[in-house]
Each structure stands twice: as C-alpha cells, then as structure tokens.
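Pasting a structure below so you can have a look.
For reference, chains read A, B and C in written order, and residue numbers begin at 1 within each chain.
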Amino acid sequence: MSRDILVWVEQFEREAPAASWEAVGVARQIADEGGGGVIACVLGGDGLADLAEEAVAYGADRVLWAADPTLADFRVEPYTTVLQQLVREHEPGTILMAATFRGREIGPALAVRLETGCVADCTELHFQNGELMATRPIYAGKLLSRCVIPERRPQVFTTRVRAFPKPEPDVSRQGEIAELLPSVTEDEIAVKVTGFKDTAGGVSLADAGVIVSGGRGVAGPDGYEPLRELAQLLNGAVGASRAAVDAGWIPYEHQVGQTGKTVSPDLYIACGISGAIQHLAGMRTSTVIVAVNKDPEAPIFKIADYGIVADLFDAVPALRDALKEKLE
Amino acid sequence: MDFGWTDEQRLWRRAVRDFAQNEIAPRVREIDEEEFIPREIVKGMADMGLLAPTVGEEYGGAGADWMMATIAAEELGRADISLAVPVMYLVEAAWGFIFYQYGSSALKEQYLPRVTSGEAFLGIATTEPGGGSDILGACRTRAQRDDGHWVLNGEKVYISGVRESLDWGGIHLLLTRTDFDEAAGHRAFTFFALPLKGTDGIAPTYFDDMGRMGISTGGFALDEVRLPLEHQVGDLNRGFYHAMEGFSAARTLIGATCVGASETALAMGMDQIKLRQAFGRPIASFEGIQFPLADLYTDLEGVRLSTYKAAWMMDRMYQDGEATHHDIALAAAMAKLKAPRLGFSIMNEVADWHGAMAYTKECPIEMGIRGIRSYSIGAEGTPNVMRMIIARELLGKDFLPTLYTEKS
Amino acid sequence: MHIVVCTKYTPDSEAKMSVDEEGNISWGDSPLIINPWDEYSVEEALRLRDEHGGTVTVLSMGPDVALEALKHAVAMGADEAVRVWDEACAGSDTLATSYVLAKAVEKMGDVDLVLCGKSAIDAQTWQTGVALATRLGWPSLMYAINLVELDREQRSITVERLLEEGRQVVEAPLPAVLGTTKGINEPRYTSFIGIRKAAQMEYPLWTLEDIGADREKVGPQGSGVRWPEVFEPPAREAEAEIIEAETIEEEARILVDRILAEKVI
C-alpha cells in the first residue's frame, strides 16, 4: 500500500457537489502533511473531461476518470467494482469521499469488499502519532467520538458535508489526467435505474449556505411562502422542524433535526421554531443562528446568536425588505 | 411487596405515553376550543386497544386487567390535562366492563365491537335532577314491563357523552327503578342498554360545561321509551350492585387520570420555577416555592400509590377472588376522594408559580383547573359520599347516616 | 415471503447524553428504545407481509437489552424475533456486525428481503444496511422513501431512493436489502394485544456457533475501526442578542446589519 489518497468525486449531470471538493481539500491537506499524492476518481456516463480538470484545480495530482454506460446512473454495484479495481491497481492507503447519500453507501460497500474499516461522517481528520484520527458526531452530535483504523489498509473515511472548507480552485495547477477502462458489464449488475424524480426543489438542504427554517409557528402549508421568498433572496434552502413535517405542511426532505437532516450552513434562520433538543441537534453547528419567535422563553434563543421576539409573519417580510434594501 | 412493573406493564405504559404525547398532547388546546375529540384520535386509540380495553378480545377489546387499564388512565391524564380524552376513556373502560360482565351475548355482539373500534360510544346514565350519589333517594326513572317490552319514563342529567352517543351511535347504561316497593331498598334498580340514537321518546338537552370541553355533557328525558326485553343488563333489581361495581372501577381510573394530569402540572411548574427569576435568582431557590413543591409531590406520590393499590385489589378480586367488593369500594373511594382535590391544589399552586400568564389561555394550566374541578365536585361520586363509603367500611353498616335519616 | 428486519436498541432521542471521567457514555434515566429509524422498516415489513403473506422476523445483534428493540417490533406485529450475541461480539464495528448479521440471515436460509433503518441514532454510522447487502452479495437499496412495487411473480422490487438532487427510481431482483427512511410510511403504535404477545414470547438466542461464524471475524479483531475516545462537545457559548427597536422594520434592518457584519452571506 502507498501513502496515496484516493478521493471519489461524485457527480450529477456532470457537476460535482461542493461536498466532493471539500473531500478533495481534505485529501490534499493529508497528502501535504503525510506524504503521498491525491488521486481523484470521477465516474459517469460521458463528458467527464471538464470535471477531471476541475479536480486538478481543487487539488488532485492525478485524476482517473471512467465513462461508461454502466456508470451513467449512480449505482452501488458498478461504482464499487470500479473503485475496487482502482484500489487494486493503485494501492492507495487511504480512501476519502463525501458523506452524501451516495458516499454513505459507497464507503461501507467498498470497505466490506476490501475487508477494511470505514469511518463515516468525519468532521475532523488529523494525524496523531502517524495515524489518521477522525472525529465524528454520535448521538446526533450530543457527543463526539474519535475514531482510528489502526491496522487495515486501505482505510476509508467519509467527510461530513460542509464540515470542511471547500478549497479555492487553482486553474494553474497541473495534474495528470487519465482515462480508466471499467471492468464491468451491464449483465453483471442486478440493479436497474428506471427513472428520476426531481423533488428537492431548488437548493438542497445539505449544500445550502443559508437555510430558512419554519416550525409550528408557520401554522400551515401556506405559512412557508414568506420563508421561501426570503430563502430565494439569499439563494438558500427551506428547512422545517419535525412538528411542521408531521403536520403535513412540507415534505420530509425539508426536515432538519435528529430524525431529519443534520445541516451546518453559514446562516440558519429559525422561524417559529421553539427549539426542541432534537431540532437543535440537527443545526447546532451552523455558523450563525438567527431565531424569530413570539415566545421569548423559546429554547431556540439559548442557541441563537441573534433573536427577534415577534410573530414570524411580521418579522420575515420585514427581514426580506431590509435585505433587499441593503443588497441593492 | 413489589413496586416494580412487569414487562407488559412497562411496555404498555411506554406505548400509551408515546401515542398520547405525540397524538393527543399537541391538540389539547384545539380539543378544548373545538369541543370535540378528533376522530383520528379516537381511531388511533381503537387501533391501540385503548377503547373499552377491559372488554374481552371476542368483542374487539383487549382483555386488559385493571392494572393495565389504570396505567393507560394515568398516561392519558398526563397528555390531556383538560381531561376530555381521559373522561371518554375511563367511562368506556369502567362501564364497558360492566356491560361486558352482565350484558346478554346478543346485545354485546351488537354494540361492543363498534365501541372498541371507536364507531360507537358507551356511557353511563345514573344521575337525575334530584341527585346522583344517593341513588336510593334520587333515582326516579322508572322501567315497567308492557307487552314484551320495557317502557321507560324519567329524566337523566349531567351525563357524559350524550352528543357523542347521538352522533356516533352506541348505548348508555341507564339505571332505572324497577321495584316500586319502598321496602325493596337497594334491590329496586335495574340497568338497561339505551341507544340514544334512533330511539323514540328521547329528548336530549346539553349543558355548557366549564371544563373538559372535548366531551359533551347532557341529559335526556325519557317519555314512554320502549326497549326490547333483551336490553336489560344484568339481573332484575340488582342494578344498584352492578352500579357499585362500575363506580369502584371508574373511581380507580379517575384517581389515575387525575394523578397523570397532576404530574404534568407539577412538571410544568418545576420547569417554570427553574427558569423564572425574581430578585435576581430562580424562584425555585425560594423556600416559599420549594416547600409547597415538596409537600405536593409527597402527597401526589401517596395518592398514586393508593390508586395503583386499588387497581391491584380489583385484579385480586376479579382474577383470584382474594379481595371483596368491600375492599375495592374502600380502596377506590380513597383514590377518588384524594386525587381530584390534590390535583386541583397542585394546579392552583403551579398557576401561582407561572404568575399572570397562568390566568391566560397562553398557558394550559387553566384547562387543567377547569377540567379537574369536575371530579372534585362529583362525577362518579361526590367527596362526601366517598367519605361515607370509607367510614362505612371502617365503622360498619350500623352507623350509616341513612339509617338514622330513616328512623327520624 | 420471509422478510427480515434488522434492528438495534438505542437511548431515546430525547436523552441527555454525557460522558464520565472514565469515558463511559451515559443516557441518564432515559429509556432504551428501538432505534427510531428501524420502526419504518418494521412497518414496511408488516405492510408487505399483510399484502403478500409470509413471515416477518426481527433480528438484532446485542446483549440482553437488545430485547427492547425486538419486543417493540413484536408488539408492532412482527412474527418472530432472533437475537444473536456472544461476549466476543462486543466492540464490533460495522464490518464485524454486518458479518454476524449476514451469517444469521444465511442461517435462516429462505429470506427474500432484508430491511434496515437508514442509520442508528446512537453511533450514526449509516453503514450496516449497505455493508450487510455487500456481505450477502445482494442488491443494496438504501434511503428508500417509497416502495413502488414488490412483484412476487417476477421476484423483483422497485423503490424510489433519495439522492441529494431528487429521487432515483430503481428496480432490483430479490433477495435484496432495503434501507428505509422517514417518509416511506407512518409507523404504527404498538397495541395492547401486540404488547401482550411481546411480553409472553420466547426470544431465541443464537450463538456464534449456531450461525457458523468465525470468532476471528467478530469483535475488535474482526473490526477495522476503533474508537479510543468519546467526549462531550464544547458548549455553544452564544447567548442570543435579542434585537429590540421601535418597529419590526427597524429590528429587521439592525438584524441585517449584524448578519452582514458576520460575513456569512
């Protein structure tokens, strides 16, 4: 095994999510500190050349890309097989990927095939006594755990979305780009993709730099309208508390919290959310938290940086207007 | 002596708490304002086996013992301090059991599956304009045989679930006088299963309650109401004794549901006194707050234990024959005497801790105060009647006040 | 249809977690419950059984307290429950756990579908379902939010699974491993009669020998990951600055200034 770090850069419609570049950034840092090169891998149906160059700009030394009809849609079997092939050929000591839906599935699948360990959702990764030591949240972030893979190689880590900075791309960086011939054929793959439904509705929660979230205080499905307007203005996403999702006001995809998504945007605006411990667990790592609530005793104010005690239907439109004014 | 719970009891408490806290607790204000219990809550209770749970499985019940029924009563009280859902629950659990014990198979077949599935209501109708707890003196509704029917005349008032029964269907267990000889004493009353919906000669009326708004209180006059003979429940002229059995059950469940509501109030109060500041410190740090809390908590724990002991004795009686009707009457009367009054005191105290907010509808405590007052006034027996029962069991029948009333 | 649901016990999601000086994790007086994500799997399994017939078996690897999860599943309506445990399994990571679960599923022999929750709310590894599928060599269908169809004749299953960008519709042959997520159904509450069954049922314990597992492949020696330290995160220090002004418009303007000064937008 080498000291090289293999990073799988995922893509959708030939675009990689910021989370993958964050993982490349982590790999670059580890390589700079511990030696070895960063090998990025891009898999898809076709047209991956631009993405390969982008990977170099974000910090990869080598990029291996494979374009094949079997890889056109994300599927665990062929993706894992190709990554396993890469591991055989290049023997990286460490494998990184983003802890997205895809990464959370590929990481463990690859680890089992390689009979090695996988540490999921790392929020910190650093060397300690020559070993990579990961920090990851457990119990919805109420506790943190340090994890290490002491013996088996390669070792697999998935990096929590937005836990690491996205590196600045450097277009002058030089790297080696090579095409890889995948060793899979369609008849070996059991799972078939038969369709795709776009339900995320704009910016996805995990990626969003700004989240405007509504809880019981929005009082109904229509109550989300002012929140959507504010989110749109900030190029952000709309989140929700469990109470609002359970009431059927907004689909589950929007739920933030212990039983929903864990997010850490730069700005989290909680509107009409009292701040149940389960909700706080899902957004406490946001950089700046703003709370709008009628109840000055609401627990959300205990965790917020700024608060306005008011009805959200008065405060949110006022906030939108004030922002428009400033941004113009 | 064992104060632990069995696995079944522990899992059941968790299940009811889970359901009640998720599905009922967030809607208590809505139930209080809209003045009815949403159908999906009733349906959810049916799915869990919470409607007339003491009825056997052959009629869609759960075959619950009294310990399990009492656990559910406490948890429902904990979730709904307005006590509307608990009233519906406990009336059906207690009187559904009496109907299950003494009703004819055909009648049970007709009504119980619909009660346990939440499609029909089962209530109790004993109180009359002349009074409630003193059945001998107050029960004037008459039932007389005529041509293969029972013919009923009279009036019942302050009856829970009149609107529910008229809307959904179902029955009220109606206590009537069937022996008109004064010498018959307590052996003069008989129960009937009375469907309010679709029965000729019923004139309903409603009362605007001060609390537990989610379940209706009403009454009805009976004018030449004709019921088939099979609608008689239990033995002829044994209705008083069947009623006493049902009262003991209902009083135990009332004890538990008042304990549950009191626990919620006290928990709210404790949150409040830890947060609320006066003179630069949390008010929880003042002895004037701490000592009443300690006293109320201690009293509550005592009432809780005596309530569960009543449930335990009921199971001893029904399952093993190790306790008598006297034992359970005494145990249930003590629970019923203490729990509602203590609950009312707790809610009053907790209201004080909340300050002015407690006097507004922003704070749920006012629903609790309005609701629990119902049980410290009467409903399945007044406090003074509870005291009479307790004294009767202590002193014996020779000192019954009624004996001296009759003599004088 | 023989459907297996993998489940585990966790502290209640409302538990206040802490770590003592020796590094032991405590959840105070919070109850241990079935992992909430697993309830969706149990519910989906019960619905499939009711539609297609067959048996639902719940499977858990864990010490005695793991019975909490199994009892809850049986109280919901599962037919059978199996617990696998040996002291040697303590300290297993997902590599080792998926090995044990796969061995148990293989021992059952006739399994058509395995369901797992998307993750467990305690260790939150998101790994067991896909790791188990990989062990078994079966298709992995994680983060399923809608079960479109299970075709018993064709022995295939179609689900919508979550990706960041939307829902991917995938079809796979049986047997397969399905990972459920909230939204796929509304799990039922346990019922009185279910609880009585759960309290009275016998829960067989399978040892490593029973499932033919290699002791070298379980516990720390069978695991890739070690977790030398667990600790409480530093408390968030912020005490909200409550913005107060004459009008809501003025408050909004002050707030916008504050946000802009933070340079987060």
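Everything below uses one rule, namely that contacts are C-beta pairs under 8 Å (C-beta built on N, C-alpha and C of every residue); 3 or more make two chains touch, one makes a residue touch a chain.
Note that the structure is predicted; figures quoted are calculated from it, not measured.
Among the chains present, the centre nearest to the common Cα mean is that of C. In terms of the distance between Cα centroids, chain B is separated most widely from A. The interface carrying the most C-beta pairs in contact is the one between chains A-C. Centre-to-centre separation of chain B and chain C, using mean CA positions: 41 Å. If each chain is reduced to the centroid of its CA atoms, chain A and chain C end up 20 Å from each other. Centre-to-centre spacing of chain A and chain B amounts to 54 Å, using the average Cα coordinate of each chain. The touching residues of chain B, when paired with chain C in their complex, are 6-8, 11-12, 14-15, 18-19, 44, 47-50, 53, 57, 62, 64, 68. If you check the complex, the residues on chain C that touch chain A are 11, 13-17, 19, 25, 36-37, 93-95, 98, 121-128, 130-131, 133-135, 139-143, 145, 158, 160-173, 176, 181-183, 223-233, 236, 238-244, 248-249, 251-253, 255-260, 262, 264-265. Residues of chain A that touch chain C in their complex: 12-13, 17, 73-77, 80, 99-102, 104-105, 107-109, 111-113, 115-121, 136-152, 155, 190-200, 204, 206-207, 209-210, 234, 251-253, 255, 258-260, 266-267, 277-278, 284, 287-291, 296, 301-310, 314-315, 318-319, 321-323, 325-326. Per the touch definition, chain C reaches chain B in the complex via residues 31, 33, 71-72, 75, 188-193, 195-196, 198-200.
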